[in-house]
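Structures are listed in the sections that come next.
In the two complexes below, chain A is the common chain; its partner is chain B in one and chain C in the other.
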Partner chain A sequence: MSKHHSLGSTGVNRRALLSGTAALLASPFVLSSARAEAAPVNVGVIMPLSGPNAQFGINSRNGIELVADEINTAGGIAELGGAKINLVVADATSTPTTAGTVAQRLITQQDMTAVLGAFVSSLTIAISEVTERRDIPLLTMSFADQITGRGYKNIFQVVAKASVIGKAQFEYTAAIAQAAGAKIEKIAIMYEDTAYGTAQANGLRAGAKAANVEVVMDDAYPLGITDTTPLINKLRGSGAQAVFPVSYLNDSLLIIRTMRQQKLTIPAIGGAAGYVIPDFEKGLGEFAENVLSIDTSNYDLAPQLTERFRKRFGYFMVHEALEHAVCLEVLVQAIRKAKSAKAEDVAAALRGAKFTGGWINGMTGGAVQFDQTGLNVLSVPLMVQWRAKDIVTVWPKDIAKSAPVWRS
Partner chain B sequence: MKRWLALAAVIVAVALLPLLLDPRGYWIRVFTFTLLFAAMAQAWNIVGGLANQTSLGHAAFFGIGAYTSTVLLLKFGISPWLGMLAGGALGGLAALVIAIPTMRLQGHYFALATLAFGEVMRVIANVWTSLTGGPGGLSVPFVPPSLAAYSFKLLRPHAYIALAALVVVTAIFEIIRRGAMGYRLRAIKQNPAAAEVIGVDTTRVKLQAAVISGALIAMLGTLYAQVAVFFDPDTVFGIASISIRIALIAIIGGVGTAAGPILGAFFIIPLEEVMNDLLSSRAAGLSQLVFGVILISVILWRPRGFITVFDSLRARLSRSGAS
Partner chain C sequence: MSFLQAILDGLLIGGVYAVISIGLTLVYGVMGIVNFAQAEFLTIGMFTAWFAWAFLGLDPVLAAPLSFAVAFAIGWVVQGQLIARVLSAPSVAQIFLTVGLLIVIENGTLLLFGSQFRSVTTSYQTISLSLGPLFISIPYLIAFAMSLACGVALWWFMRASWFGRAMRATAQNPAAARLMGIDTALMYKMAFALGVGLTAFGGAVILPYVTVYPGVGGQFVVLMFTVVVLGGLGSVAGAVVGGLSVGVIQSLSSLFFPIQLQNLVLFIVFILVLAVRPQGLVGASR
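So, the complex of A and B:
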């Protein structure tokens, strides 16, 4: 009895199921015929959305989403019949191998025009091993020198390399001190032992050596350090006139807080990353005031653009958001130029050409141009300084918005 | 007889799977890593399962293998196959050096000592930049594809090599488990003092197990490096990414059995991927949270591993067959 009943209901279900399946099968054709000329342009966004660097990944994603939404609301990419940008966001986690697997997944599941990512250098390198073999362009704002140092054809780095940034971190500081009538003879370097930290420390060392300045402390520490007191004690004993810490967020907070609590007031010049996001000031309050940091771009260079970010997300447009916005801007310009969303056409359009306008106005150099290794040759580092809840560009002089404060 | 047939059927089915997957695609990469992690957990199982010494430092030997073959390839152009043998020898040696002082430790103390050793290796790899490339990591160079050079354009050969590795490691595990060494290890696990009394040279057996396990996992490190193509000290010497993960795979599947690590790997690795695929674009960190909740539920449901599902199934089948 009950068996009969269940059979009957299966019959109904089957009919419903069949028609449903038919509709499902037909739907792609209906959809594709409706916008036959405007298939969306798929752009992979692989960022660390969990783990210790999640904040940077989220900032980056926000910057990319802002640009994509603006382009889509304005009617998409006209050259491709108004094609919309379809962002495919995925978590790179904090393991390079997983980041590589995620890249493989995105590329396999959809036709990708390009991939953007992944802030952390080691993740970017792992992703590039996949995108290079599949001839998909990868646009990044990661710093490490190896990114464009391996002779790969499909990688594009929109900012200067870590060694260049590290050298500028030292040289700008020396110039700022000199302008204030001080002379630096002894410095301290402390950095986390990641690809980014070590590469930038190399640049700092090179800069100090060229200027005949003594490095009295040169210490690496592991990412995720929980007590920086020994480091600060060593710093106090070293007699350094300025300290150059290079780190992501948590350790940057620990280092500056421990220094200031111990009334160690020598200037601290951070190495971007943790030193130039709102959380730095949130975590340190008045201790953040006048902390300097090297950076690769800053929102006050193009306020009319970056205010749109602040309006939508409620905090200033951090450099990773701005530079990822630039990555997408450059990519879209290349797509417009190639009149194609095919990965190899876009990669060809990216090489050699000079890109200007739009979000690129937020970059130093005012334009983006990649050399044959994929490095943007026009990007120049700049120095920023904390003033209340904002960071202000203070060096080089020709683009500075305010004069640097130097208290030795 | 029936069991052997079933086993052969499973191996054939698994061997056919790579042919069905897109050779440049995503699932074959996941499948390859699943096989590799199954083999790694099986190698761990020799000390972790048979002798019940829960090592949380196997990443040390694994990383030694990955670095040895890759450095030999980068600096001297030596084929990773030879590099794998060299890595295996070094991994076995490192396991011996580490086993001598830690062997007397038991339970948590043993786990902590091995954990520290893995961390020491990570720090060394970070600092010894001239050899290891430091925190910047190493990229395996792409050489013209050939089996001798262990270089392929597609992932399919990698999948078969990983499968072969899993079969070999599992066979070694079974031979040990069924042989005299297996009995000795289990005697030590039950009661070390009693084992000594009946004439088991406990020191010697533990050292043998540690060296075999360390050498095998170091050789798997080479395979991992060749598939992943890029790795840094955190990747191959990582506590969470390697040491704890392989122990977890064996524990979830069923410690001390040959099928346990395989079941564990085929559960954990694809689950992580599916979670990341479905959830990571929605809310940051949600995928790991759900993954953790599923793991906890599984542990609560089957504290002795997935393998017990089959035991209770078999028990139920034989009961219904009898009635």
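So, the complex of A and C:
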């Protein structure tokens, strides 16, 4: 049956190709109408591909391309007559205003079924203002609370929000320390002052307050900081027993290096982003060892899935790649369910339903279900730790692949 | 004690600010052109040093002369082929040219090298000297020492060598210099190439503690202009004073205010200085 079908579709393709070639000679407009038979599903991918956050954008795009290619090679979306997924990738740069403009242009130029993006919370917020106006679903793995906190109808956040992640960052750490017989009484928080850092720091503060732990340092710093010495000087004088930096890549390298220079050996518990990508280990070498970080997923929880990423791109499937893969998986399942590539049908199919299987197996909670704000209620943060150039899930205990190492 | 530490850190950082800004002030002082693309040569210097580290195993500090040479060569061509054409043009044309150059270099590096961050790993990166209760960061100290050496070499070149004197003569009065048999076109090439070369040199020495990517120049461009205007536009000594002051102001401000306000404090001081001394700290003596 499937063989017959594939033969048939080859015939169609050949005919389309012939008419397409003829049309190409006549005018490009005819070409596009000749191919319209199995109209591709346009999915916008808006990522920071240049500027300080480009590495995360590239990682995310890799994850999405992997899934799209796999679906397309397997024959596209059968429910829509084998429609292929057509990714329209755009550079959001690292500036929110540009991200908004790029989103606007993308949506105006082509009919979009949905948009995926943009890793950086402040960029996602800018893009969501455009997609919300145009009623196009935006699937994201950005952390900030604001994303699903504004009553938008067309936004879907597949991971826990920043305040929850920040709280877990503190609480897991306290639990890990306690398991090692240590007690934390004073902590330091430093965070990059955009939407993500600010929201996650709120969670950290709430966690510390609930546990009656004193926050002896609480400092924001600007994106693109080139010298963290003043921060580390202050940290050294603060008497903190653990430091919780929430940063992207460049700042995370600076912070850890400057700490080591000043011989500060208190545990550093990163806030995902810069702490959980291969470049962190590459930039720090042995100094990355035992650095902890909160995260929203990790490749070692679904090795059979994430190995496909490593095979193609040569590095482990970082969480933003995995979670963006999940975004696309959820989107395609919604399209299949709606049997339509229309943005409003897909948005309706996304709401309320429970999605399972495929790449979703890589998520904590094992499924994705959005509440009325668009937040995935099943996602739970986890703690990872760098061990011998590898990043290992160490907490919560029930999913950990290895026991955490705590040195205070 | 934290006060002393802040001053020390500020001076070390400021030394590097000085060397990357000397180039900007040199170009203005000799040619009267404000080179908005100056910070892009910092990026070029950093990339050169990064590739030398990645493929030749050269420490960025040793690769600094190579960065200087690469930027010098590019600067020579840029001056001869592009800037020379707008030397006597209205300043709007000069601004368009150098801003255009900025955009071309930034996007050119993006096209060639991609947007990812590149960082070097060196043995001294995470080491510091303890001086009683004070910490002296080794990468900062090395960058400072290299900048100092570079500044002294430039000073000697401008004071003692025939080329240096000819360049200063060209800055003072191009027509008279030409009458004395000085090839002013050559002097302009030399000044521009030297200027961007110095900035690239500064880029290489900071590579152990700053990661390189195509937009990195943008993190320094405003600082560079602050340094030279604070010190006195066109004055090399001014750039040194300006660089050290900017470093110390930034560092001290973070003792009393959140680090986010670092540049706010800097600009308040900047505006106050300009209100009292519009010619800058060191003044307009070239």
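The rule is simple: the second predicted complex is superposed on the first by the 371 of 408 C-alpha atoms of A that agree within 3 Å, B and C clash if a C-alpha of one lies under 4 Å from a C-alpha of the other, contacts with A are read in each partner's own complex, and residues count from 1 in each chain.
Note that in this section a contact is a pair of C-beta atoms (placed from the backbone, for glycine too) under 8 Å apart; a residue touches a chain by one contact, two chains touch by 3 or more.
Remember, it's a predicted structure, so these values are computed and weren't measured experimentally.
After alignment on the shared chain A, the placement of chain B and chain C results in a clash.
When both complexes are overlaid on chain A, the residue A:S50 reaches chain B and chain C alike. By the touch criterion stated above, A:T97 is placed in contact with chain B alone, chain C being left untouched. In the superposed model, A:D219 makes contact with chain C only, not with chain B. By the touch criterion stated above, A:T198 is placed in contact with chain B alone, chain C being left untouched. When the two complexes are overlaid on their common chain A, residue A:I58 makes contact with chain B and with chain C alike. When the shared chain is aligned, chain C comes close enough to touch A:G285, but chain B does not. Of the two partner chains placed by the overlay, neither chain B nor chain C lies in contact with A:E79. Within the three-chain superposition, the chain C stretch that clashes with chain B turns out to be 96-104, the only such case among 96-104, 132-140 or 186-194. Common to the chain B and chain C interfaces on chain A are residues 49-51, 54, 57-58, 193, 220, 222. Listing the residues of chain C that touch chain A in their complex gives 2, 5-6, 9, 13, 110, 114-117, 119, 121, 125-128, 135, 137-140, 209-211, 213-215, 219-220, 250-251, 254-255, 258-260, 262-263. The touching residues of chain B, counted against chain A in their complex, run 22, 24-27, 29-30, 33, 123, 126-127, 129, 134-137, 139, 142, 153, 228-232, 234-235, 238, 241, 273, 276-277, 280-281, 284-285, 287-288. Touching chain C in their complex are the following residues of chain A: 49-52, 54-55, 57-58, 94, 193, 219-222, 224-227, 229-231, 233-234, 237, 249-250, 253-254, 257-258, 260-263, 279, 282-285, 287. Residues 49-51, 54, 57-58, 88-91, 93, 95-98, 100-102, 104-105, 107-109, 121-122, 125-126, 129, 133-134, 144, 146, 150, 193-195, 197-199, 220, 222 of chain A are the ones touching chain B in the complex.
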